[in-house]
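Right after this note come the structures.
In the two assemblies presented below, subunit A is common to both, partnered first by subunit B and then by subunit C.
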Partner chain A sequence: MSSVGEQSMLETVGLEKSYDDLAALEPLTISIPQGQRVALVGRNGSGKTTFIKLVVGLLDPTGGSVRIAGEAAGSLAARSLVSYISDEPVLYDDLSLAEHIELICRLHGAQDWEDRAIYLLDRLELSSRIDRLPSRFSRGLRQKTAIVLGLIRPFSVLIVDEPFVGLDPLGREVFVDLLGQAANGGSTLVIATHQLEFAASVDRCLALRDGALVFDGPPGQAELSDVVQ
Partner chain B sequence: MTSLMRRSSSAQRELLLDLRRTRRRRRLGDLDIVVSIYRVYLTAILGGGAAWVLATVVGGHHETSDGLQSVIAHGPEIVGLVIASIVVIGLRSGGRGGPLVLDAADVRHVLLAPIDRTVVLRGPALRQVRYAALVSGIVGGFAGVLASRRLGGGWPTWALLGALVTVVAVAASLGCAMVVSGRQWRKGAVRLAIVGVLSWSLADLELGRATSPMTLLGEVALWPLRFSWIGLVGIAVGVGLAIAGLQVVGGTSLESSVRRAGLAGQVRFAVTTRDFRTVVLLRRQLAQEHERQRPWFVIGWRSSRVAKQEAQGLRSWNVPQGGKRSLVDALWRRGWQGLLRYPVVRLARVVLLSLIVGLSFYGVWHGITALLFVVGMAQFLIGLELSEPLAQTVDRQALQDLMPSSAGRIHLVILLPSLCLMVLVDLVALMTTFVLGGEQSTLLSVGLVTLFPLALTGLSGAAMSTISGVPPAFRESDLFLPPEIASLRLYLRTLTPPAVSTLGAMPVVFSAEIVNHGGTTSATAAAFAGGVVTLVIVVGVVVWVLVRDSVRRAYAGMTERSRTGVKS
Partner chain C sequence: MFKDAWLVASKDLRIERRSRVLTNQLLPFTLVILIIFAFTFDTHPNLLVTLSPGLFWVASLFAMTIALQRSFSLEAENQARDGLLLYGLESAGIFLGKVVAIVIQSAIVELFIGFGIVILYAAPLHEVVFLALSAFTATIGISCVGVVFGAMVTGRSRDSLLPLLIFPVVAPVLLSATKAWEDYVRGKVSLGDPWLGLLVVFAIAFGAVGVLTFGSILEE
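Let's look at the complex of A and B:
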């Protein structure tokens, strides 16, 4: 278990999201300390992705607030702290993998990123494709590209939505290892997943059902599997 | 804070320019010169054709002095109302996160990066304003030339002022859109602004005064006839709105940007393939227009009557009585169940379109026959809105194939509830004309004769479009046709449904001709004759709907047999 800092890195107060009369996320108040590894679990339509997009700033909350290290989600400061890897890679059709990496590093002011890029590309077996267009990659390779882009830039909070979609077993293994490295480096991890075996390796589990928080505690408890399965 | 956040905005701009340069280089590398030249050729042909048609319609004869006085008296207000409509389009677009449509990757990577979003978005916003200004300047300049032919005076002055007014109007519209999206106005505020802008211009028109900035800008368009300094205020307000928009565009919501990034490209693609159905669906998604969770009232096996019977113990199990109900009954209910889930905004849009039909009929009645096309398009759009149950069925071919009836019969039956609503909507349209027309008895009788043909053709055109689906870009039979004929077939197929919807206005056109120019028969009889012609066309559409599927299947079977050499 990684050491968990006292400072709240991610905090939501009464955070909610609804679409007309449909509540996607009921008011949610949680606090995640620095360095904590959190698994967000729940069935399809439980509100995991909505929560994640609200934290990242891709959705506007209907009510409540999200703060990243005390800064409002979506603000300039929060954006420099949060890295987001989605289950659907969004990439430029007309930039090569190398150009994507350079762009992301420049956008986020990363320093001395070249060695780190080589390391990540090597681990995810993308080195030979560095000058190719990711738009022509397979689903799994596009997901690996998104992982490289999510991990190459500096961050304090890493948010991952369904991390293993499209990955082969070796890719999963490498990604889990890379997530461990990020956590050991002091980053806060929030990972939305269906897979309880992965959730067992984190510090804390949050379970959502129909947009409401129904479990908040350490993994491995019986009621958690009731919620997900 | 990261080092990047301390970087100057000029460094951020340089970074974004680098990205743009790289992407442009790659795009230019992939550019097909022949395709580009062909596009320019097509644009020139279509633009030239449209210009010729407009020039012919406007004509070259000068207005009489009475006509000129009328233009001077009401021109600014009418031009102002047109400008107000352009501004309203901007306000609506802003309410949906527009006017910018960004690449999804730009939203994900650039807008989520710690870079000032105003720096990121001002560039694309400025380019959009520039492009819109260029296009609108050409259109406005051409309109100015046309105006000079009717109103006299040197065409360069008219063209210059026409271009100036349209450029300012479009820039103001885009500015409004950016202010609304950048400041993230709520829906209610946007609607209030729309009502305010339109009401102000309408009030100017009614009172014959120039108080609204849009009317003031309209004054500029008529400077060759009457110069007034006050027009400069209109220009200043328009330019001010554009500048204000560029200042605040950075505040655009990411949620709207993501939605637009995903949908706007699809809408454009659907428009290029003339896929009206997909355009309608995507536009609804863009506006976040969803069906109601609860219908306006419940019919069928969850109705209050059935629930009451359950509560009283008269019915033990609340499922449909399988086999007892006919397919017609089931489809009739299914049609209503879909219509009863329409959201308020869609119903309001249908009513608005019906008012446009009514106003246009008023114009047709007074001799402006060209408004026939406005009636046709509005009727076609109403038909598309109201034929949603049919579209839902057509979209789900597999489910439709499971029904124990022919596709044609299913389509006709499911349209019946839509037809009921269409009659109601067209009643509103004709009542509008009747009220505007001073409640003349002739107008009333013509309206009554027109009602059913109008509703039937409106829905027929929409149903043809929905059932036909996307026109195929190529068919095997095209191999035997010259390319010009094959492309003509494509255009005919695209234009036939709106043309059928337009034919519903024929009774009013026929009777208006009698009223305005005299004739041997009465206006009502002329309307009746128009109605009969219209009904014959409707019967043709009904037959087409009934036999289309079987003819297609037979043709496909024949083709397949001839290909495989199997004799029937």
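Let's look at the complex of A and C:
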């Protein structure tokens, strides 16, 4: 279990999102301290992705607020702190894996990233594909590429949406290990997942159902399975 | 901001170099336009020379429109537009980066069209430096307008609106650029040429509007 700092790294106050009459996320007030590993669970359509998109600033809330280390979500300062690994990898069709890595590192002003890149590529078995186009990769390899790009840049908060989609068992194992390294390094993790085995290994679980928070506490597999299934 | 702009521009140019849209689509497209006009006005060779400034800008504008659509379809693919936002770049940097990439691609296309006009239409070229200067400022103005509208419409099943939005707004730029060219052909060469001055004003005005508005457009 990673040590958890006192400082609130991610804080929502009355955060809500609705589309006309449909409440995608009901008012939500939570505080996630630095270094905490949080699993966000819930069925399809429960509001997980809406919550994540609000946190990373890709959606504007209907009400309430989100702050990342005191900075409003979506601001340049907040975006520089948050790394987001989507379930739909964001990749350019005509840039090679190496070019993607270089672009991300230069955009974020990462220092000494070459060694880190070699390490991540090796762990995720992408070293031999460094000069290839991710657009020609399989779903799993594209997801691994997204993981490399999400972990290579500097961040304080790592947000991951359905991280295990398309990954083979070894890839999942490596990714869980890399997530653990990030948490041990002091980063805050928020991971939306259906994988209850993974949810059982985190510090805290948030469960959503129909846009409402129905569970917030240490992981308890029996309680969570009621929410997810 | 300028570092962000350079990173965005170099990314777009790198993608362009690999996808070869410029060499495989834009240049052949402009060549076809020039050849069609050459055949159409074949019996009036003097008319071709007279019309060459206008033909140059018509062909250039069509090519730039395709380049603009391509530039933003890159961001629409695989939700890269979201990625562009999440990189934490200054919106002004993204805007300027897109403009720089479009200007560089357009300059290559315009050079190609210029050679085409000289060779196919036997149009005389005078005051090449001033011609290049007016073409450069006009291209900046058109690119600024195109990048703003491109961000508004591309990737939302409204791509075909791009020419409809751009053409009326850049019409004064095209008029000024064509008139400047005619002035140079007539030997009226001066840095104080009113049409060149107007092009500079357009470039600065459209650039300022883009820098100020691009962030909110991109976030929409």
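Definition applied: the second predicted complex is superposed on the first by the 227 of 229 C-alpha atoms of A that agree within 3 Å, B and C clash if a C-alpha of one lies under 4 Å from a C-alpha of the other, contacts with A are read in each partner's own complex, and residues count from 1 in each chain.
FYI, a residue touches a chain if its C-beta (ideal position, glycine included) is under 8 Å from a C-beta of that chain, and two chains touch if they have at least 3 such contacts.
All values derive from a computational prediction rather than experimental measurement.
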{"item": "Room on subunit A for both subunit B and subunit C (clash or fit)", "value": "clash"}
{"item": "Partner chain(s) touched by A:Thr145 [first = subunit B, second = subunit C, both, neither]", "value": "neither"}
{"item": "Partner with the higher number of touched subunit A residues, subunit C or subunit B", "value": "B"}
{"item": "Partner chain in contact with A:Thr12 - subunit B first, subunit C second, else both or neither", "value": "neither"}
{"item": "Partner chain(s) touched by A:Leu95 [first = subunit B, second = subunit C, both, neither]", "value": "both"}
{"item": "Contacts of A:Leu58 with subunit B and subunit C, given as first, second, both or neither", "value": "both"}
{"item": "Subunit B versus subunit C as contact partner of A:Gln34, first or second or both or neither", "value": "neither"}
{"item": "Partner chain(s) touched by A:His108 [first = subunit B, second = subunit C, both, neither]", "value": "both"}
{"item": "Partner chain(s) touched by A:Pro154 [first = subunit B, second = subunit C, both, neither]", "value": "first"}
{"item": "Steric overlap of subunit B with subunit C in the superposed model, located at which of 257-265, 401-409 or 545-553", "value": "257-265"}
{"item": "Contacts on subunit A seen with subunit B and repeated with subunit C across the two complexes", "value": "56-58, 74, 76, 79-80, 84, 86, 90-95, 99, 103-104, 106-108"}
{"item": "Parts of subunit C lying in touch with subunit A, wherever the complex brings them together", "value": "4, 7, 11, 14-15, 18-19, 74, 77-80, 82-83, 85-90, 219"}
{"item": "Residue ranges of subunit A in contact with subunit C within the complex", "value": "56-58, 74, 76, 79-80, 82, 84, 86, 88-95, 99, 103-104, 106-108"}
{"item": "Subunit B residues touching subunit A - in the complex, by the definition given at the top", "value": "1-5, 7, 15, 18-19, 22-23, 26-27, 30, 103-105, 107-110, 112-116, 184, 253-255, 258, 288, 290, 293"}
{"item": "Subunit B partner contacts - residues on subunit A that touch it in the complex", "value": "19-22, 56-60, 74, 76-77, 79-80, 84, 86, 90-95, 99, 103-104, 106-109, 111, 149, 154"}
